[in-house]
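Paired with subunit B in one complex and with subunit C in the other, subunit A is shared by the two complexes that follow.
What follows is the complex of A and B.
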């Protein structure tokens, strides 16, 4: 028993190390791109990326936290579905419809008291996201539709539907965007504005962390979480063991959708000048969610860490414009990190060989 | 009548890229490698080849330049798809993850490079490839204006590719081997087929076709390239699945979606539909909603390759 636990711990360490290796390889690749585009500013550019949100003191850090908040949620969404063996590429659509419903409630339901207005908006967003996750989940469970394709379709449907509804209900024509939500719908600041003066920060990040802990408990400490994982690891065996795979697939996608939807609410329920734009562009937060879920190995705390890291270097990317580079470099680095993440099998072999070697040397001496 | 000719011509612009990208996906998936990177490969092929046109259009023009751009797009797509082949065949990585990485990389790379080189993200090109009327054939009544006027060389090349792909996958030794590797790689290996090589070939073919597909999607529908093929790679995946991984099914599915897409983009030119009080966004949504419905009814008896997505490990035979 003890041995088994030890083995499990080792695996965790190995996975973590292979993620770190992937990050290092991705950053090196970024350095290489810097080298071939402008070798003079290569190192100052690289330093800018690494410094990320740490340049402007508290305001930089709070910016990192604010950027990370929606990504934590979409990351949890993708990671949660992944535990059940589902690839939720539809986090973008779920995020968008969630954001829209949150904004709609935030603008229209001004009769609600300030203490619960924002909470209702978040709940509405969760319901909308859940609905958007339900469709691919249901189609997968009942009609065997590949969830990757159906959730991509749901992304586009959600995008165009949201654009249509924004222009019909909460449209600000001059900015081609949604109008501002009522003050009562802002997420409370709960003293964070005193900790981070003049910074854009509210309890959004705390809510996200709450979800991180909640998902950890749900997956690791409950029978439901165990069933979900069983379905993901071996659907046939779990069916044999009497687990209702269909129900679990649907539930998993519904919960994943709700998580993404909440992410949309957390981003837009604030007075930080964020509005939903009416553009034919799929929300990038969903794809960032895929990145952090992969990088964080679908572990809730890993996802939190990965989100903070991605937000951190994204700010580095903005600052790159002070030099002669463009911020897209960050997306290149992130995609390289994901690609190198696919090397984990190789990395793990390296790590195993390396630890074995050092152990042998230890016993020899 | 003119409006019908116009719609058929438009349908070609949308269907042909879908057709050949989905055919590319077919080669990859029937060799056993899931390729959701089609979108990214299209972006990469379009970016490199349109960059090529942008640079050489002072010296060259017309169909010669177009054919050279085809070649560039094919090579760019093939090279880029090698990354996916390496990860999924050699490293036995999760094919969805590797594909996702490629999808994220391509637009970021295109935007970064375009902005670093020329200061803005759009890569403009002059369309010297448009054919007003094919000599002789364009004068045939009815058929002439439908298929041989207001067209591009790419339409005919696309149809040639379709014929070649059909023959290659179902009538040649290579095709048989490719299909075997997607259904039962262990059996294929046991009779001396090199599964790794075949899978590399499958992914490379998908890279070539998706790269070309990116180019011929952008040329008729735009005047510049802005690091996006508007989700066409994903739509091609849906075409592939709706077409049940078979050439004829893919042909039908590609034209089905092409017509829907045409309706979405050209509805304002159709007299009866224009006057209906239906917002623009509904038309834009239509292809995706119909895809979902169609998939719901056609996925039950899926003919997906059995070994699709499973890395082949010689040791576990």
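What follows is the complex of A and C.
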């Protein structure tokens, strides 16, 4: 019995190590990029990236947490759909419509008491995201339309519809953005502002962590999660077992959409000067979600760690500007890390060989 | 001195702490058919995978024509002239037969595929061995039996000299097996050498020159087939004496359990009736066997009954209740147990652990589901119970990933799951495909025990020995129709073979 547990634990360690190796390889690649852009400053630049959010003390850390919050949600969204064998590339659109509905409720429904106003806004965002997930899910289940295509389309519909609706409903012309939400719609700080003084931090990250735990339980401990995974791993066998695959595909996309939508709400329901911009650019958080889901191997806790890390080095990237590097460098490095993340299987084999070898040497000596 | 083509000496292959091969020595003479006999999980497939370069052994050497060789991957094996037909075919489903055969050995001109020559060679080979195969058919559209022929052709196409057959007869009809045996003999007479993995002693007696027996990863010995009896060989393999004829006591069938009325299923592609107005009944306490050559509508008939495929006409009744339009889940709850033909496609979620697979049909029942949460302690207990009762062997017990288990043990897991649900009717399609004599004996006993407990059993089999041994009544299916309804004691294997080939007894007798 004990041995079997060990085996499972080993697999977890292997997966974790393979992601760490991917990160290391990506960072090395980053060092190389720094070398060709500005060789004099390359090591101090590299150090800046590694230090990331740790340079400004508590406010830096809180900035990391704040940046990580929406990506944790979109990452969970992508990872969750992936467990059912679906590639939710529409996290951006779901995130955007969620954010819009949250802002709309935050601005307009001022009659609600402060204790529940923000909660209603989050629920509204979840519903909007769920609707945006429902469409590709429904099309996939009923007409076998590839969810990648339909959810990309939903990204654009979400983007332009949101832009239109912002200008019609909650428009701040001077900033070409949404107006600020009412104070009652701010996420509570629950004492986090005392822990991190002068920092942009609210319970958003805690809500995200709650979803991490929730998704872990849903996937691994419930009959519903068992069904979802069976559909993802072998649709034929799940049909044979009488599992309603259509229902599961739709539900999976709805839940994934809701997760992304909540991500949108958590980012904009704050007084940190964040507003929805009216731009023709698809929200980057959705794509970061795909990245962290890959890097975290679709494991909820892996996604949390990956999000924190990505947020951490993103701040490092901002700080690179002090050394006259362009901040886009960090995007290249993050892309490289994701790229190496795709080699995780290769890294796993390395790790396996290496541990086997060292074990054999141990027994030999 | 004897001339050996392949000499595998002291091969040891470990998976973690599990020794799949433990110091095995196997020598293949030039121009012989050498059988490799052993139970499921005895290490036969592993040993052949080592020879084929899929696994690297921890210890041991391989020599070819006296010279040591290292085989790091299947390409090395192919370069040395070693070819293999795998137990689970490795074919690309949306390729045509021709494309599948030339895959990896394409001839090109200016970077464009040159298929004409390949087509000529494939057609020629197919005719030479009487394979009757359409080079332009899609792999996904042809039967399992035909897919195997594609695998064999692929091996011949590459001009391999050492041919490994991993349980090739499991999916063939008696006539096809006879033909395969002829092909194998023809091949060795042309100077090729064959390694033949099987559990079927009759086939070893029929074609093999020598036989190496493995048990639990160890080599028990190599014998001359001519001098050994079936009983001796099976005892070497299993380690105890085995009964070949299943004991069956008389049983009076009771009321009707399953009744199929006028069922018709049309092919979406051709519009032909693949199941053509089929009606029959299975009584409680009766084993009805559907015999026939693979691809005559048996699979579709079963899919129609179990709900995996929609039916165009007709009705299905279970204990008098119309279940035609019920969902698969509902049918399962009503007591339909289904041991599917393709355990990898339908029977298991291969990336799930053994215990997760064992609850695939009842994870949602209160036994395992408490307010939506899985009860892992109950699942563990249940899995341990089934593993012990049905003797399912694997490297890590209930936690083993199903993909890593041997075919026979996967099948045992499916059978354990289906029979343990206490069903009203057991529908089993080729339940002993690819199993060894010990396991076949066991599974047949289980099926007969179901009958003796008053359950109905519908058994689809392509193997006439099984049909004759186990059934109480035989229905023969040919081109979607039931062409014969006979009792096993009133019919001979030869007569059945004629029915299966579409030339009914009626013509011969009257």
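Here, the second predicted complex is superposed on the first by the 360 of 365 C-alpha atoms of A that agree within 3 Å, B and C clash if a C-alpha of one lies under 4 Å from a C-alpha of the other, contacts with A are read in each partner's own complex, and residues count from 1 in each chain.
Here, a contact is a pair of C-beta atoms (placed from the backbone, for glycine too) under 8 Å apart; a residue touches a chain by one contact, two chains touch by 3 or more.
Bear in mind that the values here come from a model prediction, so they are computed numbers and not experimental data.
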- After lining both complexes up on subunit A, report clash or fit for subunit B versus subunit C. clash
- Query: Regarding the shared-chain residue A:143, is it in contact with subunit B (first), subunit C (second), both, or neither?
  - Reply: first
- Message: Between subunit B and subunit C, whom does A:104 touch in the aligned arrangement: first, second, both, or neither?
- Response: neither
- Looking at the overlay, does A:254 come into contact with subunit B only (first), subunit C only (second), both, or neither? neither
- Message: By the touch definition at the top of the document, which applies to A:65: first (subunit B), second (subunit C), both, or neither?
- Response: neither
- Message: Looking only at subunit A, is it subunit B or subunit C that touches more of its residues?
- Response: B
- Task: Determine, under the contact definition given at the top, whether A:329 touches first (subunit B), second (subunit C), both, or neither.
- Result: first
- Message: For A:341 in the superposed arrangement: first (subunit B), second (subunit C), both or neither?
- Response: first
- Item | Touching partner for A:295 - first (subunit B), second (subunit C), both, neither | neither
- Task: Applying the touch criterion given at the start, work out whether A:233 contacts subunit B, subunit C, both or neither, answering first, second, both or neither.
- Result: second
- Item | Location of subunit C clashes with subunit B - one stretch out of 45-53, 63-71, 99-107 or 351-359 | 99-107
- subunit A residues touched by both subunit B and subunit C? none
- For subunit B, which residues are in contact with subunit A within the complex? 36, 83, 87, 91-94, 96-98, 100-102, 104-105, 107-109, 111-112, 115-116, 231, 234, 237-238, 241, 279, 281-282, 284-285, 288-289, 291-292, 295-297, 299-300, 302
- Message: Applying the document's contact rule, which stretches of subunit A touch subunit C when the two form their complex?
- Response: 3-4, 7-8, 221-224, 226-227, 229-230, 233-234, 236-244
- Message: List the residues on subunit C that touch subunit A in their complex, please.
- Response: 16-17, 306, 308, 327-332, 338, 340, 345-352, 356, 360-361, 363-364, 368-369, 372-374, 376, 396-399
- Touching subunit B in the complex: which residues of subunit A? 33, 37-38, 87, 89, 135, 139, 143-146, 148-150, 152-154, 156-157, 160-161, 163-164, 280, 282, 287, 290-291, 294, 325-326, 328-329, 331-332, 334-336, 338-339, 341-346
